[in-house]
Structures are given as C-alpha cells and as structure tokens.
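Chain naming follows the written order as A, B and C, and within any one chain the residues start at number 1.
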C-alpha cells in the first residue's frame, strides 16, 4: 500500500469509539486527505460522543458541534462567514451520520446542495441510529434487525439511495467510499477538496456493536459489502457522469449476511430475494454509467 | 436624516448601518419586507454581506450559528411559526453564547392562520436565553436594532427585537436614520471573544457532563445580569452620539398615579393618549412601558410602581393554563416586595384585534372600580359566537 | 447606576469549548484481548529439507536487498546456485500461493540470488562463532560433506574434508549433467566454502583404519561418502561387456571420455540418474529409450526432468522390466517383461507384478543400467541399533568413549536422496556435534528439537545460534490463515529456457538466467506467510492510532495505553504475523 501521507494524523488516540469502530477509521482517513486547514461541523451522531466530552477534543482541527438536523445549514453559515472575511481557502466539512443525513438532516442537506453551497458533506453510514441505541433509519438496509424493527418486523424496505437523491440535485460531486478501501476514500476526499460547490461523500462505516459481529471484522465486512455490490464504489460528477471505481467478480451476498448478527433471522428465501434486489440495483447502476457515456 | 419608513424598513436600515456580515432568513408574512430590502442591499452592493436563502427558519438560525461561531456579525428575522420552528436553536444560540440579532415580528400562532399582531410567539420563547426588547414605534425599532448588536456582542447573548405585526411592521412613520459615521462610532466592528480558528483549533458545543453544565448555565444568567447594566451604559453612549434614548422601561406620570397601566409594544402609543385624556379629567392614572423583557427589569418595576394602589397589565398574549404573560412576570417581580399593589391582568387584542382607546379606558375603569382582581387575567371584549362544535 | 463595564471587568465566558485532547483517556483499560506481533513459519520453509527461511528470502528479494536475501539462504544452505538449479523444490508444492493462483517460483529465485552473488562477487558476511578446539574430519566432498564442513567452520571448528577423487563435489560434479548444473557455479560455491576456512584434501582416500585404534587427531568423523556402487539388475547378461552403469557414464562424460553414440540406447531405471543418463545419451546422438518398470507418475525422477527428456526425443516405455540381456553382433538384445499395476504402496506409487508371459525383445546398440546405488563399502553403512548410537532425522551419530564420534550422513542414511537433504544432513551433523561437545549426548536430541523449523525434520542454523528467527513461532501458516483480500492475481513467472530444439544439441545450460526486475516482480508474489513485511496494514487500520513504527525497520509496535483490543490489526494482516490473545488481568506492561 503506497501512501505518502501515512504519517499525518489529525486525530488523537483516547477517543471513546467502540473497539473496531468503522466511523473512527473513516474520520482518520478523511482527515489524512483533507489536511488540517479544515473546519468541521458535527451534528448529533456517534461522533458527537466519540470526539470526547468537555473539555476534550480528539480532533486537531476546529470543530463546531451542532444540532441534529442542521449539518447542511450550519456549514452554509460557516462558509458564508469565512467568505465574507476573505478566507475562501479553508475547507468547510460537515461530518454527519446517516440519521443526520438521510432523515432528520435531509432538508438542510438538500437545501444546502440546491444552493450549491461551497462545502463538503461527508456522511459516515453505520446504517441505523447507533448513538441512541440502534434504531432504524432510512439508511438501514433491507433485512436488518434494529431495536425499532425487531423480530419479524425486520426492515422490509430498501435502503434509501442518498447519492442518487443528491445526484438528482445535479450536485457537482457525489461519491461512495468505504473504510476497506482507504486509498480510494482518500483519493476521493482529495479530489473533492480541490473542487468548488457542493460535494458529497458517502462512507460505508461498519459498526460491530450495532451489527452484531466481532470487532475485528469491521474492515472485512466493509470490503465484502463492496465486493458483493451491496455498496458499490462509484462517483458521479455534475449529476451526469458516472464512474464505477470497482467492478467485483461475482461474490454472492450470503456470506456477507451470515457474518452479521443483525441479519441472522434471514432465511434462504430471504437471501435469494435480496440477491435479486442487489443484482437489480447493480444493473441499474451499470446502465446509468453506460447511459451517461452515450450522452456526454 | 429623517425618512418616512415602515417599521420593517427601519429594521433593514439598522441592519445595513450595523455593517452586518451574514444574513440568513426564510420569508414569512409580515417579516418579508425586512429581508427583501436586505436582499436588495446585498445584491446591489449597498451592504457588503452574504445573504443565505435557506430553506426554512430552522436552517436560517442554524446557518447563523455557524456564521457567528466563525466570528462575524449576523442577523435574521422571523415571526410566529418561523420563530416556533427555530425554538430548538434559540436555546442553542444562547447556550453557545453567540451574539446573533433577530428582528421578530409579533404575529399570532396558528392554527387558525392569523398573520396579525399578537405577542404570544416571542413570549413563548422567554426561557430560551435571548435578550428580548419590545418596540413601540419605528424610531425605537431602528435604534434598538443597532443597539442590539452592541449589547449582544458585549454580553455574548443573542438579542431579539420585537415589533408588532402590521401595526408597526407595515406602518409608515417618520424615522431619523443616522449616518454611517455616527453608527460606526457607536458600534465598532465585531471582535469575537472566541471563534473557529485554525491557528487555535478546539471543539465547541460538545458533550458537557453534569459536573460542568450547571456552571455554564449560571454563566448565561450572569450575562443576563450584565446585559441589564450594560444596556443603561450603552444608551448613555447612544444618547451622547445620536441624542436620544428610550430606556429599558419608561414611566409616564407614575409618580402620583393611583392606577398604573403596564403595556408593551404599539399598545403603549395608544395608551399614552388614553392617559393624557384621563388625566385631563382628573384621573390619577399613570403608564409604565416595559421595553426590556429579558432580562426582566425587576427592581425598576418595583420602584416605579410603588406609588400606585393598583396595577393594570394589558397583555396582547396568553399562556394557557396560567394568564397573560406580562401580568405573570409583573406579579412575580412584585410578590416578594412587601406592600406592593395588586395586579389586575387583562387580555386584549389577540390575533390582531384592535386595542382602541375605548378598550384601554374600559380597562382603566374596570380596574379603578374593582376592589380586587377577580381572576388572573380578564379577557376584554370577547364576542358572542355561534357555530362552535357541539353548540346546539 | 452600576459601575462602568469595561473589557477588563467583563464576566469571563464559560462555554463548552475544548482545551485538552483525548490523550488523557487511556482507553487501553478497556481491553480484554491483546494483539501482539508474532512471526510464524511459512510452509515453504517447513517443507525445505534444509530449512531455508524462504518467506524472508523472498521478502528481501522483493525489496531489492539481494545480498541480504542471499545471505539468508547461506545461513541454512551453502548451495543456492546448485539447489536453484537441481533441487526438486518441495517448497513450491507447499507454497500457499498455489491455492490462490500459482506458487511462487522459489526455485528460480534461489538461482537468481546465487547468480547475482556470483556476478557481483558478493562476500559472505556471516560471522563465525569463536574458535573451538575440536577438529572434525569429513569423508567425502559431496553436498553433505561440504555442508558439514561449512557449518562446522561457522560453528568455530576446524573441518578437514577428504575426497578420494581428484576434484571436490561428489555427485554434484560427477553425477549431474552440465545442462542442469554448469561447473562454474559449483566451483564458485565450493570456493566460497574454502574461503570460510574449510580444508579440502583431494585425492585422499579414507579407510576405516583412519580412526580405529590408536590416537586420532580428530574428535569426530563425518561420513558423507555417498552411494558409489550401482545396484545390480540381478538378471543374466548384466555383466556382459559394454553394459554400462549410468552413474559411471555421467562421470565419463565429465572426464571427456565419451564420444558420439550411434544407434539406439536403452536406459533401465526411473530415477534422476536414469533420466540424466538418457538425456545425456541423446545429446551424444543416440536414439534413447527409457525403460521403467512402473508408470511415469511413479518415477522418482523429477517430473520436469522427465518432461524435458520426452521433449528431447527420449521415448519412455512404462511398465516394462528387463529379464534377460544377450549379446548379438555387437548389439544387445534385451528381453522385456510387461508388468501391471496391482495396487498402491504407502506413497501412492503403484505396486506392480509381471504380466505373465507378455514379453518382447528389443535390439539396442548401447545399454545403461541406472536403478539405484548403494554404499561402496560395507562400513559406510551405519550400524544397527547399538549403544551410544543416536538415530537423528538426517544423520546417525555413533558416540564411543575412546574413539572419535562417527556421524553417518548424506545418502548413507537418507530416505530421499536430494541435494537439499544432503545439506540438511551436514547441518544437522555439525550442530549435533556442537551440542555433543558442549552438553553431552543426552542433550543432542532435545536441543535439536528446539531448532526445528516446524514439526518436520528441517532445522535452522539461525535458530540454533539464537538469531531473530529463533523468536519465531513454529506454527505453520496455512492458506486459510491468510487474509488474501490484499493480493491480486498474478501468474507465476515463466522460467526462460532454451527452446526444445536448441537443448539437446549440446550440454549448454537449459534454464536461462532472469533479470532483477523479473525477480523482484516474482518475489513480490510471495505472501511472506507469517512474517511482517512492513505493509503497514496494522498501522493503517487501527481506529485508535495505537500502532506506530519502530526505528527498527523490522518492527511495528502497539501502544497499549490506547489499544482497545479490537483485533482489526490481526485480521487485516494479510500474512498472519500477529496474534490476538487474552489480556492478562495483572499485566503491568
């Protein structure tokens, strides 16, 4: 693995993330790419706690903790203030969980993106409201147990496709990323940093605690999510040009699901229909990538 | 220089003169004229500021929280539903000690939809830690808005400047608009005591456990105390530069009054007329205008109401299950003051119903002729209605 | 009016704003499992009879550290140039990479390192241990004898090798054709051994009397004489004039005493010597038939050699055995008996039985027998079980109170006759003697046990002298122990060779050399099973940023103040160089 910025850390040890926390890794990789000329807004999410209580902070950059649904709006204000002061260089980043992005924070995000605010919005996605104890969000995948989708009421609705929702806004840059592919993540963060307008990165961040798996599987499960095309790695520029970054070689979804306690209730039949859904989504993405090539 | 301005534009002129840097607002009647004017000023370069056309009031205040945390002067305006939507962040702005200034047009809360004057919207937010002013006329609106920035930046608390819907916001009056130089000498550029700073990175507004939260809250109250004293000092300065002041309260002919009327907002103007009329008829009546509501001017209230044997508070607002809010606050301020006069509460003018001189006179006579207050607040001028659900 | 408010008497702000980092939280206290770096054993090194540290050799090669890689080989085997050409490379058959795509070309890489050392005239910087007083005589300068001499010298002893023939090398010189092993390579590696201080005395035959009765100046004798007498066919006609011995034929070629062979040559046998004889005869112009009593897959000869023999035009007649040889007009008429398979033996090789009455005759101009060899003298063979005898895995030690200790090694005791086994034998003998001299006979077996590479018989010199390898866990890393997510498919390099039609025209070396970039590329395919190659996955994937680099380039270390024991480092290590164990409750480190 060739990374020339291996030595730069903008985060400290001693944070209170769970052992094996994917979100901690995601933050670490992101900051390596963005550097410390960055201001970060953190609406309510796991990282509100991970970052450490008063009077501590685990991040070596200025951080503004904010209310749950305000990620996109607070960033807009921070950007406006810096611009009016003459600082157009500092990167303004919102770092939000799936709750603050897909659900309660969607309005502010959509508003900010529609205005093409000049900031980067990064959603680290652990697929439920983890900070409050594993309740379902609209990013919880089909088939998952959560405390609000328990037993036979496991979530029978698909995961909301946030990237496509933002692509519909014609956002200048939207990309998916994964903690299992750090170079790809860092490349995308760096690319986003050098662009203007609204930029969105959706990072798959495993949660051993909430997903019912051993902490050491965090990275492996994230890799499997990409390899099975459950969470494909791709980028979209200007809401038009799709680039698929990784084309895996036909891994079936079964093992991915079998390794996580939150899916243990799924039957063979369930897994088969899930495989069909995953294939359908992947084909749709391929078509989008292909169609875009024809028209651009 | 004197101009004929509607109240809304008095606000926008003040915001312009204050050299506000980031404005973020969502339109709601009757605040729209404020932000439209400011939007134009930003567009044509009259005001060098960023105007964020956010998608809701909640986001408007959120954006300003971000901007103020970055060390710039910020402003928003809203009314009723919009203010209510901001509620969570009103707490946030004061807890984060950000000097955000808001012009708040007092409008009734829905349902039913009612866009006219009613103070319940801002008073329902009295616990959120914002300094609150209630303005009587256009001049006061302009002056107070300018002063709001100075005060907010001194004590690090957000400040809400309230003005009645339509009666003030859309009424044209002659207003003296000061020149930029005078305002600059009164209101220097914002020097934040803290801000997001790359050179000195830290995290703001993170988890504050029980062992420290209470001290932070106490620190807010200390700022409120300081706001009170600083306001007087500030008005002194303002007076020196611009030759006028309004006072946190204003007592009109209270020294020898037997009945003192307590009002706020535009009702005060009408009340002045009523007091003048009654005095001519020999009635010993006075008028106490409350302009500064948070922090509540407890001592001043006690002092100025001493002479009276009865106090009549006129509330254009209500707290259900209790009483009119100014009445509550006045009672609370006086209750530990031995020998204080009884407080008669009156509710009038909700949802923009006109409070005429007749209404006020009725209130005076009712008060004068009662031996004791019958209830916490008396509703004045209720009409007979039919077509209530369940009515036969 | 209250006192004037000025910037100095303003109430200080108490806001939620940080002024410390989280480094005060020693989250290491959360841990109930503790990760640790622990290097384990690669299967190739366990399979190598000489116990070469192959995983590490390839790591160093991939990094371009050719000298260090070569020296790592030399620590276990002084013949990388030879083995890199003639070894049957059991390492490649155990290579974990073969379950991923194809094994690593360890064999070719070993040759590359030796060739590089030779080309750049690299000097070995292995330290000899301090001089010891004992002297050891080595009988025979074949690979086992030379290896014994090499390791004894490294241990600080004076070793004298006695070789009956005029030049050293044994079977390496006389029994392996030049197209497999050029002389220059052999000479250089023998010269290297001499430079270390080993004395080789050629033209000196050793007899039993050398150490029997009376004082010998030697404290021990290593017998590496090898098997110099061919096994007889035990059929009539085998002693007819002109019936040649395969091994003898190869030696004759070396001495330049062979000229063109016309007509047909039959070679009886299926081992390497038979195949070498066949291919050599082909080069002298004969049409060669190789006759073997079992099937091709049962032949002890290396499969590659058989393949090349067939490419070179040698015909293989399986399931045939000679029963009679007759002379006729200067030719030989050989009667062959067909056999058929009746079952399998312990090694899955066929057991055969003559097919009754199915016979045929062939007429050939040249006849060679190469069905195996045995000791040249009866006293070369180790005795049956007797007092003071220690039967080790690669040699037999006979300790007598008033005589020098005898060690029987090399082909004399080997199950599998290969150069690598010979080296292993010499190494084991040297180390066994060192233990014997310092700690007594009873310590030999247990001490040798502690130098095992894994469970198998291979032992490591580096481990014996307490080098870094001695810290390694002997557990062998299997394919399922690896995290192959980090590896890309890449085919095994193709060993460049002379074209088939070029080969049998001469005795020129068939395998050609490879360049450094191909070597590095191939070495990079090595998974380095069980070894840390500083890929930094552990460092990268630690959510606590608790893995940092040492100044020591071989190491990473874990900051246990913050390590929560999540285990990500252990799982994401592609090569299983870490372990996760239970946190000790009273651990104070």
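Criterion: a contact is a pair of C-beta atoms (placed from the backbone, for glycine too) under 8 Å apart; a residue touches a chain by one contact, two chains touch by 3 or more.
As the structure is a computational prediction, the values presented were derived from the model and not from experiment.
Here the chain at the heart of the shown protein, by mean C-alpha position, is A. Counting C-beta pairs in contact across A-B and across B-C shows that the higher total falls to A-B. Distance between chain A and chain C, defined via averaged C-alpha coordinates, is recorded as 51 Å.
Taking each chain's centre as the mean of its C-alpha atoms, chain A lies 43 Å from chain B.
Measuring from the averaged C-alpha position of chain B to that of chain C gives a distance of 91 Å.
Among the residues of chain A, those touching two or more other chains are numbered 51-52, 54, 56-57, 60, 63, 65. Residue positions 16-19 of chain C are each in touch with at least two other chains. The multi-chain contact residues of chain B, meaning those touching 2 or more other chains, are 202-208. Residues 1-2, 4-5, 10-11, 13-19 of chain C are the ones touching chain B in the complex. The touching residues of chain B, when paired with chain C in their complex, are 95-97, 154, 156, 193-194, 202-208, 215-216, 218-219, 222-223, 226, 229-230, 232-233.
Within the complex, the chain A residues that touch chain C are 1, 3, 6, 9, 11-17, 19-22, 24-25, 28, 51-52, 54-58, 60, 63, 65, 180, 182, 208, 214-220, 223.
The touching residues of chain C, counted against chain A in their complex, run 16-27, 30, 483, 485-486, 535-537, 539-541, 543-546, 559, 561-562, 564-568, 570-572, 580.
Of all residues in chain B, those touching chain A in their complex are 21-22, 24, 48-50, 52-56, 58-60, 62-72, 74, 88-89, 92, 196-198, 201-209, 212.
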